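Quick heads-up: structures coming right below.
Heads up, the next two complexes both have subunit A, just with different partners, subunit B and then subunit C.
For the complex of A and B:
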C-alpha cells in the first residue's frame, strides 16, 4: 500500500508523462486532421485538432492516378528496410567483432581505418562517382541499402557491447575447440543482443526514412521508395508554388497544398505507427535483459 | 589457426568494402572518369546512315503515367525513325533544377541533356560543363531555327558560342507588367475595365465590401505592374538588384534599391499592405498566395500574355464563372521582351554525340505533327480536335511539359478560349521592343562573395520593405547600411563594367 506521499509523487509522474505525451502527440494529431480538412478552410482558418470541413479529397487526389505506384513504393521501402537492416546488422556486428578479438594483431588498425571515415569523408561528388562509375549501384535495388551497410558510429556502439562480454567466455569456448564463426554466431551475437536490438532499430529507421539514396542513384520509377515519392511530390509542389522559376510560372497546377503535405506525412508515418506497438515489446525486453546482466 | 585467420580476413574484406562505400573516402579524384569521347557522327547532319545513339533527356517535375507509357512506345518509335536514337527520359524533382543532382551529373561527366536558364548556363560554362553546340545549329536544328526567334538563340550565347538551344516561341513581352484581373468580379461590382491605380483600388474596395473574405493581390512583388505609377522610366530588371531604363539610350545600370523609384514603390506597397490588399499572412507564407489565387480567392495577380487562358483552367474548377483579363495601369511606354523562348536545352560536355541531341531538340519544334505528339499525345486517345482545330484533352496527364513546348506557330487552344483573345494573344508582342540587355550574360566570378552577401541582405532586410511589410523610412537606412557593408557598390561597379563593355560591342 503506497503512502500518501508516494501517491502524490506517482500522480506527479503520471501527470508529467501525460503532459509530455500530449506535447508529442499534438503535431501528429494536427497532421491527421489537416490531411482530412478541405484546403480552403485550412487556408482561411488554419489548423485545428478536429478536421475543418471533413473530406477525403486529398487522399483521393493522391491515390487517383498513383495507387499502384504508391503500393509499389511501399513494397520497395519494406524490402529495403527488412533486407537492408538484416544485412547492415550482419556487416556491422562482424566488423565490430573483428576489432574486439584480442588475438587479432591489426585490430587497432582496422578500428582506426573505420574511425577515420567518421572524421574525414570524400564528400558527395567522389561518393557519387564511386557509387555510379565503379560499383554501378545506380538504378539497382541493392543501391538503396548497400551504401549504408556500415555505420561506423553504430559499429563502435556494438563493439562496446562486445567488449563488455568477459574475455574468459570466448577463451573457454576456444579451448573447447570453437572457431571464430562459432564464437561469433553462438556466443557473441546472443550475448550482445541488447546492442543488436539498438542498432537494428537505428538501421531500420534510417532505411525507412531515407530519400537521399533514391534521389541520387535511382531514375527508374519502379525503384522509388515511399519516402522518395513523398519527397519528390512535396519538392515539386513547393517549388511550383514558390514561383522560384518564373519560366514556368505560367503553368498553373493546383494541388491541395497544405492538406497534401499532411496526407503525405500520414502515409509515410502510418506503417511505423502501426508496427511500433508490436515491436515495442521486443525493445523493452531487450533492454531489460541488458539491465539484469549489468 | 589458419582457418580462423582466413575467416577474419574474409569478414574484414567484406566490411572494408562497404565501409569505403558508405563514406566515399577511398581517394578517387573527382575528374578521374572524364574521358574524352570521340564523336561518332561524321555524317554531316544527313539523316542517311546515322549510327545508332543513346540519348538521355532529363526533365523536372513528376512523370505522369501516360508520359511513362508513351515514352516507351510512340515517342521511342518516332525518335528512332527520325534520328535513329534511343531516348530515355529521366524525371527529377524540381528542387534539383539548376543545382543538386543536375550539378552532380554534370560534374561526373554523365551523358545527358536538360534545360537551363541563362544564370545556370553562365555558371556551368565557366566550369566547362556544357558542350559547345554552335556548329550543329545549321545542320541539326534547321527546322527549329525557323520556328524559334533569333533573339532567343542570342540569349544563350557566350563569347559567340551557342551553349544551349532555345525551344518555344510565345509572346512574352511585358511579363508581369500587366494586372491580371478577375473580370467576373469586376463586372459584378459594376465596373468594366481598369486603366489606373485608382481604378484598381476602387475595384478592391468594392469587392472587399461585398466579399471581405477575398484577398486583394495574390503576390508580394508588384514592382513591374506598378511601374506605370511610380516612375516615368521604362524599367526592366536584370536581376533583383539591377535594372535598365529602356526609354533612354545608353548603358547605365540602375541600382534598384538605392533609387528614388524604389522609395516610391515601397510607399505604394506599404499602402497596399496596411490597407489589406496584400494579406497579413503573406509575410510568412508567400506560397499560400498562389494557392489562394488558384482556388479563386484573390482579386488580381501579376499578368502575362498567356495567363488569362493558362490560369483559367485551375480557377474555373473552384469558381466556374471566373474570367481573367489583363490590364495595364498606364499606356505610355512600349512593352519589353527578353526574347520569345520558353527555355533552352543544353548538352553535357561529356556527351558522346551532342549533334544527335540537337537533332532531338529539333524534333520538338519541327512541325505540327511532331509538336502535337510530344505536347498532347495521340489523337483520339489523349486529345481530340474539332473542325476549327480546337483541342480537347481527354486526360490531364502531362507529357513533355506544355510550357516548355509552347510555340505560337503550333500551339492549340481549347474551345473555351474566345477567338478575339487568340488574336489578341498572337498580336501581344507586335509593338514590343527587345530589351537592350537581351543577350548579355553577367559573369559573377569576380564578385561572387559580394553577390552571396547582398542576397542575404535582400532576404533579411530588403524584401520585407519591398513587399510593404515594413515601413521604408523607419527601416531602409539600416538595410542600406547592411547592403553597403555587403558590397553592393563593388557588385554594381563590376556589373556596370561588364555591361558597358558588352554594350559597346553591340552598338
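For the complex of A and C:
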C-alpha cells in the first residue's frame, strides 16, 4: 500500500512540474498564434492557442509599413547590446582585477567604494536630473549603455572568479617582469574566461531587455530600442495606425493592431529564444556561484 | 539581480594588518600603483557619475528646483519641501504601502514557488526530464516586462482576452482587469511568480544537490515515507538558505521596479491605487510633470529608510549566520 501511495505522489510531482512548465510556455504560444491570426477574426473572437485563420499578413504589413522603424530599433538594440556588453565587461573585469590584487594597498578602498553603492542610492530623481541636465545623455546613443557599465554585483562575481586563480600564476608573471596591464590582459582575462562569459551574458541580457534608460532618456524615435518601440506601441495603440492603409499586393487593408502587437512580441523575444538553449547553462552557473552558499 | 547575494569574503575588512608586501608609499608607490589606478578609473568614473553624484543630488530636497539653476544652483528652500511632504502624507503613505505590500507578496509567493519547484525536482529521477523542464521554467526570467505586459494584455483584455473567455464559459462573467486595482495585485503577483520562480528554483535546487544521500538512506532504512523524507530532511536543509535570502530581501523592501509597473500597467490611472509604488510616483510627478519638490522629499525618504533597512537586514542575517554577513 505504501508503494501505491508513493506512486500517486510521484505522479502528482511530475504533473505539477509539467503543468508549471506549460504555463511558462503558454504566453509564447499565445503570442505566436496571435501574430499568425487574421486581424478580423482576432478582433471578433479574441486570442487563442491556435491561430485564428492562419496568415502571414501581419508580418507582411509590419515589414511593409514599419520596416524602417523595426530595423532601426533592432539596430539600436543590437548596437547597445554589443557595444554596451563589450565596454561593460572591460570596465567590470578591470575593476574586479584591481580589488583582487593582493599587494595593492587601496584595494579595500576600491572594493568599499563599489560596495557602498549597493547599500545607499540617491534614487531616480537626482540621477535623472544629472543625466539629462549635466551629462546631457538624453537622446544620445551613449546614454543607453554608459550608465550600466559597472554592475557591482557582476563585478563581485568576476572578482570571485579571479580569486579562484592561484596567485602563484600572477606572482611568477611579476617575477618575470610583467606589469599589471600585461597580467590583466594576457593572464587574468584568459584564465577568468568562465566568469567573463557569464557576466557578458548577464550584461547582454540586461542591455537587450532594458527599458528603464530609454524610458528616462529617449524621446527621439530614431533612438528607440526594440523594447521601447514595443512599449510605445502598447501604450499608444494609435502608434501603428500612423502607417495605416498600406497597400499589400494591391489590396488596401486596415492596420492589424492586435496581431501586430503579438508579432512585435515575437520579434522582440526571437533573438533570446534562439540563443537561449546554447547559453542558459552559463547563466545557471553564474547564479549558483553568485548566490549565497547553501 | 540579487543585490544581497554577495559572499562574505568579497567585502572589505577595513583594518587588515598583514605582513604581505604592499605597494610602496609616496611617489614610487604611486608609480607602481598607477597601472592599477588606470584600470580602476573607468569603473570609478561610472560609480561617481551614476551613484555618488546622485547621492549628493539628494540636497535637492532643500532646494526650490528650477531648470536653469539645476541641483546645485537652485535657491535654497529650507524645509518647505518637507512641509509639502507632510501636508500631503496620503500620497507618500499610499506609495510606501504599495511598494512594501507588493514586495512582501512577491517575496512570500516567489520563495514558496521556488522552493516547491526545487523540492519536487529533487524527488524526480529522469535526468532529461529535469533538464528540459528546468530550462523551460527558467526561460521567463529572460523576458522583459514590456513583453510580458503585451502578452498579459492578450490574456486580460476585456473583449478579446482569454481569461474573460474562460470566465464567461463557466458563467462567472467578464472582469475588467485593467479597472480593478486590487485584482490586479493578484495579476502582478502571478506575473512575478511566472517570471522569477524558475530562477529562484535554480538556487534552491543547487543547495539540494549538495545534500549527502546518506541522510535519505538512513531515513529510508528507518521506514520513512517519501513525504516524511521531504518534510524531515529536504525542507530543513533548505531552511537556512530560505531564511538568509528572506532576511537579505528585507533590505530591498523600499525598492520598486519601475519597468515592471510601466511594462505591465502602462501607468493605467485606474490601477494606480495599488500600483503607484514610490518609483512610479517619482516618475509620474517629477519626470513627467516636473513637480520636483514633493518627489525630492520622497526620494530622500526612500534612500534613507532603504539604507536603514539594508543595515537591519544585514544585522539580522549576520545574527542568524555569521558567514553570511555582508559587511
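One rule holds in what follows: the second predicted complex is superposed on the first by the 199 of 294 C-alpha atoms of A that agree within 3 Å, B and C clash if a C-alpha of one lies under 4 Å from a C-alpha of the other, contacts with A are read in each partner's own complex, and residues count from 1 in each chain.
The criterion applied here is as follows: contacts are C-beta pairs under 8 Å (C-beta built on N, C-alpha and C of every residue); 3 or more make two chains touch, one makes a residue touch a chain.
Please read all numbers here as calculations on a predicted model, not as lab measurements.
Asks: Which partner does A:186 contact after superposing on A: first (subunit B), second (subunit C), both, neither?
Replies: neither
Asks: By residue count, is subunit A touched more by subunit B or by subunit C?
Replies: The partner with more contacted residues on subunit A is C.
Asks: Give one of first, second, both or neither to describe whether A:104 is in contact with subunit B, with subunit C, with both, or with none.
Replies: A:104: touches subunit B and subunit C.
Asks: With the two complexes superposed on chain A, say which partner A:128 touches: subunit B (first), subunit C (second), both, or neither.
Replies: both
Asks: Touch check for A:221: first (subunit B), second (subunit C), both, or neither?
Replies: Only subunit B; A:221 stays clear of subunit C.
Asks: Does subunit B (first) or subunit C (second) touch A:48, or do both, or does neither?
Replies: Only subunit C; A:48 stays clear of subunit B.
Asks: Counting only touches as set out at the top, which of subunit B and subunit C does A:94 meet: first, second, both, neither?
Replies: both
Asks: Using the touch definition from the top, say if A:14 reaches subunit B (first), subunit C (second), both or neither.
Replies: Only subunit C is touched by A:14; subunit B is not.
Asks: What part of subunit A is shared between its subunit B contacts and its subunit C contacts?
Replies: Residues 43, 91, 94-95, 97-98, 101, 104, 110, 113-114, 117, 120-131, 133-135, 146-147, 149-151, 179-181, 215-216, 231, 235, 258 of subunit A touch both subunit B and subunit C.
Asks: What residues of subunit A sit close enough to touch subunit C in their complex?
Replies: Contact set of subunit A toward subunit C: 2, 5-6, 9-10, 13-14, 16-18, 20-21, 23-25, 27-28, 30-31, 34, 42-43, 45-48, 90-92, 94-95, 97-99, 101-115, 117-131, 133-135, 146-147, 149-151, 153-156, 159-160, 163, 179-181, 184, 202, 205, 208-212, 215-216, 227-228, 230-231, 234-235, 258, 261-262, 264-265, 268-269, 272, 276-277, 280, 283-284, 287-288, 290-294.
Asks: Which residues of subunit B touch subunit A in their complex?
Replies: So the residues of subunit B touching subunit A come out as 3-4, 7-8, 11-12, 14-16, 18-30, 32-33, 60-65, 68, 90-91, 93-97, 101, 104, 107-108, 117, 175-176, 213, 286-288, 290-292, 294-295, 297, 304, 306-307, 310-311, 313-314, 317-318, 342-343, 397, 401-403.
Asks: In their shared complex, at which residues does subunit A touch subunit B?
Replies: Result: residues 39-40, 43-44, 65-66, 69, 91, 94-95, 97-98, 101, 104, 110, 113-114, 116-117, 120-135, 146-152, 179-181, 215-216, 219, 221, 231-233, 235-236, 238-243, 245-254, 257-258 of subunit A touch subunit B.
Asks: In their complex, what parts of subunit C are in touch with subunit A?
Replies: By the definition above, subunit C touches subunit A via 1-7, 9-14, 16, 20-23, 29, 33, 35-36, 38-40, 42-44, 46-47, 49-58, 60, 65, 67, 70-71, 116-117, 120-121, 123-124, 129, 132-133, 135-140, 142-155, 157, 159-162, 165, 194, 197-199, 202-203, 206-207, 210, 225-227, 237-238, 240-241, 244-245, 248, 258-259, 262-263, 266-267, 279, 282-283, 286-287, 292, 295-296, 299-300, 302-303, 306-307, 310-311, 323-324, 327.
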